[in-house]
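Each structure below appears as structure tokens.
Note that chain A is present in both complexes that follow, paired respectively with chain B and with chain C.
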Partner chain A sequence: MDSEDDMHDANDLDSLDDDFYSGETEDAPMDYYTDYDDDADDYFDDGDDSDPADSRRPEQNFTILKESDIRQRQEDDISRVAAVLSIPRVAASILLRHYNWSVSKVNDAWFADEEQVRKTVGLLEKKVYENPDANELTCGICFEVYPPSKIQTASCGHPYCFSCWGGYIGTSINDGPGCLMLRCPDPSCGAAVDQDMINLLVSAEDKEKYDRYLLRSYIEDNKKTKWCPAPGCEHAVNFDAGSGSYDVSCLCSYSFCWNCTEEAHRPVDCGTVSKWILKNSAESENMNWILANSKPCPKCKRPIEKNQGCMHMTCTPPCKFEFCWLCLGAWTDHGERTGGFYACNRYEAAKQEGVYDETEKRREMAKNSLERYTHYYERWASNQSSRQKALADLHQMQTINIEKLSDTQCQPESQLKFITEAWLQIVECRRVLKWTYAYGFYLAEHEQGKKQFFEYLQGEAESGLERLHQCAEKELQVFLNGDGPSKDFNDFRTKLAGLTSVTRNYFENLVRALENGLCDVDSNGAASSKATGSKNAAGSSKGRGGRGKGTIRASMSSRITDDNHWSCEQCTYANVRSATACQMCNQPRR
Partner chain B sequence: MIQRIKVWALELLFLFGLFVHNLSSNQTLFQLSKLSFASMASQASLLLQKQLKDLCKHPVDGFSAGLVDETNIFEWSVTIIGPPDTLYEGGFFNAIMSFPQNYPNSPPSVKFTSEIWHPNVYPDGRVCISILHPPGEDPNGYELASERWTPVHTVESIVLSIISMLSGPNDESPANVEAAKEWRDRRDDFKKKVSRCVRKSQEML
Partner chain C sequence: MTSSSTSSRKNLSKIACNRLQKELTEWQASPPAGFNYKVSDNLQRWVIEVVGAPGTLYANETYRLQVDFPEHYPMEAPQVIFMNPAPMHPHIYSNGHICLDILYDSWSPAMTVSSVCISILSMLSSSTVKQRPEDNDRYVKNCRNGRSPKETRWWFHDDKV
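Then we have the complex of A and B:
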């Protein structure tokens, strides 16, 4: 029963806290798959395990850190440095802060030139200031005289009384994270103020603030860690650079790109994403629209949109200027002489002379580019909102509907996992699909071959997803609202689970193709490459499946996979023998 | 009878002890609750009074200092004598130093009331030198911590810094751009304006 496992992995949302590593599937009987025989099963799980660059389960190269983990790591690093350099822990902490919490950098610098490091960091080995009178010390800030017990010094020896130290450190802590680098108040002295002194000298409230800054510094100054950007989330992510994707998903279920900290945008690269986001927010699109669809009033210069109608324009009060839309001349100049009120021949003449060409052309171009952008933007945005909706539905499913369904259909909840999995797949696919529209927008216009291949893959993936979404959203309702167990429920299970896995395959192909820059196609060979491209994509995913059963099935004709099923040539779904068209994609059986 | 008195005395002592104890614990409570303002302000005024006394007893060459208003220890009036061998020689420049309640943890501000033409003095008279900048302004600039405000500075060290500013203007980060440009490019014009200020300051005496 590999499929359960695989589908599970495919959905990064709950994969972190879940037990899929532990081979939980062994214990849970997965009855719903008994509708498939081994072969069909085999069919659905392909493409998940064998490819190192696999889109769904990259080797996890990040760790989510809770606050306790962060503290633990910080403590460990400090202890390590303290042990290796034989210095107190507070000194190790200061060193690490200076070297952005990199243990190796601290070690390198220290063993290269300990004296220099001590000087820059402010860890003095001996005092630079000796008190002339050991029994009576004058505080360097308030100039009061104190016995030595009332005086504190940093490693430099400059004496200040407890209350002056308290004021000095407290002010610094309330000024921000700069307090982590605090030095002795003496202007000529760079001795560091360590955490022991801080704990000794300031109020509990300030201590806590300092502690917070120290913790934040560990994440923010360290190149390998970042805070999860989701609002309200307090986890951090430790990322090990290397191969694989930048996608990271936090325990809070937010997925983001490590590199640019935007939301996860695989298979589209960070550059495209930032361009796209900028484009969406930029006023330039509004300007393009105004340019394309409006002309300024010749008198007051306010932009005017002409939404059909005659050429006789009257600007809104207070301007009220009446003019001709075509030539922008005053309406009073128009009459029989100029070719009638409603067809301005002054404009035609001027156009022939080339007076209006330039602006008209620009207007036309802007209009085209705007339409193009709107096309992609609309689809990007609707997939975004569709994903939000799916997330809400998923939540609803997990919290309420599964339980309800379990009651009406008399099924244990463990048997209804396929529904959650379908929804997780939908959420992930919406995300991918959304970003493919940003990708499409930036795909070079002249690379026809790539463009067609891309649109083909995207179209396939999208229609697969629509079917899945439809099935999970609408068809489920019947069983949810039903009075008692329905005999069709098992068919529904088969269909939804099948759709989930088929859709996953489509999206894997799409992601893989986009990530290698659509290199299966050369930019010109449009028609032929389209077919091979899809063949390759489908074939490659199959070739790798099998888990020891090892049958390569790259044939594109529909085949009888066993006595009871035939697999669809288009979507690979294993249909029952009796079906004349694919139950998934309606492709007629060949 | 003696026994009795002893017991009374003990009781009295006990009560008295309680009383004293209460007093002191009240005081700590008071200090804790009002910690910042009352104690900070009193620390600041004590320190300023001490400095004022010291400066009266041991005046420092180059300037004189006093309070603007005898009842307010946080506003000082300082007269700085133009340092010899500089353009400002012979001038008597008045300035007001205003100390914050949390002095010495935050720096005072200094503003000339006499007219003065200098690259590091804003046209309205405010003095712009690095030691008067709060330490927290630049969290990463710790390498320059020595040039910024620290609580060890006193009225004396501040005024000495201002005097040294008069001797050597810093045109890298000018407060008065016009003056800085003039100082760099048209030194004669600059000199003229400064001498006018010096003369004016003498007339004001």
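Then we have the complex of A and C:
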């Protein structure tokens, strides 16, 4: 396939019978909203309900473990080892702990040299100490004499009274997880103290602590598992290395990178992220005064605090000036009204047009490096807070507004899923967009071609996202506040669902391009016409045209993207041939 | 030298008292060779004389060990230091602190004052050179204000001496 084949139109149902979804979860039924009328059905769930906010991946290579799952797995591993080696469960537990909970390592070591393993781990087969007098035993710690019933020993036979054992084990448990490797108190003896003895000899509180350490050890000492790093989250993740990305997404909704445990940062690599985070902490003092929470309105100069997620700001009446929060330019210079030109992500563009103060060139030079950093940092941070806001909005939507909307618009909640999907897409896109600014900061200055291509893709993605965010945030309000069903609601559905899938495509292109290291750019800086993403595009949604690299060429040379589509001059949306006006922005076809 | 930390220490628990009484009785019945317990009425602080073993660098030299017992002895290790002057030894600092694992991480309640003393004498006897640890000055400076050696994070990187 080449990329043009991927550009199905939203309404072109006939095109669905190819193997567009072959890379997606095969057995998941496709969940079309077949009960929508005609052109409203361009949106559907991709069948991956568990984490729709994630970027697509061929298959999930991780499992989230709740505490009960962790215990179950640990019990299962212990049982397996106990059965295979014919040893008590407590002994199997000690062995597994020693070999970092790897069943195969335990088996290998044991069958290679059982005697050596027993010695190292402290599982003695016979006593090394015999009491001279079977009726009177001297405790090796308090030196008091006791009858045998008051004395307890590990496998070695060294006698200690119950109270001294309690003190010994209790002290060790309160010293930390080292208690899991506890040995007989005799300095020359390595006999292990197992959990049966611990349960017999210590307080309920200490037993509980020991139990926690054992559970933690199963996650922390195992190479394949980690705790979810989100504060307060008690789930763990089991990760199967191999193909696919490092991004994992916990049940608590926190997404993080398995490799570096920072928050998920696909498509940017761990090295860039750690450099960026270090840079931010070093520069944060400077940032504090540069990035105050408010900005003056570019027209009336009254201070404005941003309280919504999208970058389209409207000053309060009477000013009502519409501007972009990031560049403080008029909003009319952005997005749809100027034919899709969205350049507010471009540092160089802004500089060349003199938006930044260039009057004092020398001062400028000195300021340049900080200013450049500020440019990227501000966009990184704005997307971060915008994402936080979107998360809160998503929650509000799911808990309150969907129900409300279902009432006012007389729609079943199942038909309002497109709104949640839109918000999930916004949250995910803000995350990706945020990290692309860290990527942009480290993109080498001299790689002009890559830089232009990157900024082009980023700009496309960002303007798409702004349209989507604005639609989900502001246009929805009308229907939420309405008294009864609105006849415009179906149009709104079409628009929002369309924007969702359009934006998803933009971001998939961006992610793929960055993951390929922008390798499709040749030395002249022109985007190569060979489509890259088409193979992976199996995971992309039906929606409408995945605007791959091919589109650059297409939009430059011709308005016709392929035989069945034409590209809107204003918003670049790929419309079906039969449409006389753009489905996205209503611009008449020229 | 360490009196400030000693004076703030809690009294011995009953278990600790009983155990120390037994250790002392045992000591007096058969003291380890080369050691002499300096009689006092303070069970919580023992002062022990050490005589360097014949044929070693410390032959015929006498030093004094000060052993302080914590409330929960023997579950917790005793604090053992050399009193001034401390022997010149690669693992003994000029303030008397001793770098020996069984006094810290590797302490076990099955050990006794007597077994600790034997380990210290063995450490002295195996020394081939009379010198301070390389980091002596820095360490001693950091230990002013009577800090206990038990608060040090020790590295036991050399088991030859």
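Following the convention adopted for this analysis, the second predicted complex is superposed on the first by the 383 of 590 C-alpha atoms of A that agree within 3 Å, B and C clash if a C-alpha of one lies under 4 Å from a C-alpha of the other, contacts with A are read in each partner's own complex, and residues count from 1 in each chain.
Operating definition for what follows: a contact is a pair of C-beta atoms (placed from the backbone, for glycine too) under 8 Å apart; a residue touches a chain by one contact, two chains touch by 3 or more.
Keep in mind it's a predicted model, so treat the numbers as computed, not measured.
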Legend entry - Fit-or-clash call for chain B and chain C when the two complexes are aligned on chain A: clash
Inset, instruction - Could you tell me if A:K150 is touching chain B, chain C, both of them or neither one (first, second, both, neither)? - result: neither
Legend entry - First (chain B), second (chain C), both or neither touched by A:G190: first
Inset, instruction - Check the residue A:G167 against both partner chains and state whether it touches chain B (first), chain C (second), both, or neither. - result: both
Legend entry - Touched partner set for A:R89, first chain B, second chain C, both or neither: neither
Inset, instruction - Going by the touch definition up top, name the partner, chain B or chain C, that contacts more of chain A. - result: B
Inset, instruction - Using the touch definition from the top, say if A:G176 reaches chain B (first), chain C (second), both or neither. - result: first
Inset, instruction - Return the residues of chain A at which the contacts from chain B and from chain C coincide. - result: 140-143, 163-164, 167-168, 171, 185-187
Legend entry - Residue numbers on chain A that touch chain B, as the complex places them: 140-143, 163-164, 167-168, 170-172, 175-178, 181, 183, 185-188, 190, 203
Legend entry - In the complex with chain A, residue positions of chain C that touch it: 15, 18-19, 22-23, 26, 72, 74-76, 102, 106, 108-111, 115
Legend entry - In the complex with chain C, residue positions of chain A that touch it: 140-144, 158, 160, 163-164, 167-168, 171, 185-187
Inset, instruction - Report the residues of chain B in contact with chain A in the complex, numbered from low to high. - result: 35, 40, 43, 46-47, 50, 102, 104-106, 131, 134-136, 138-140, 142, 145-147, 150-153
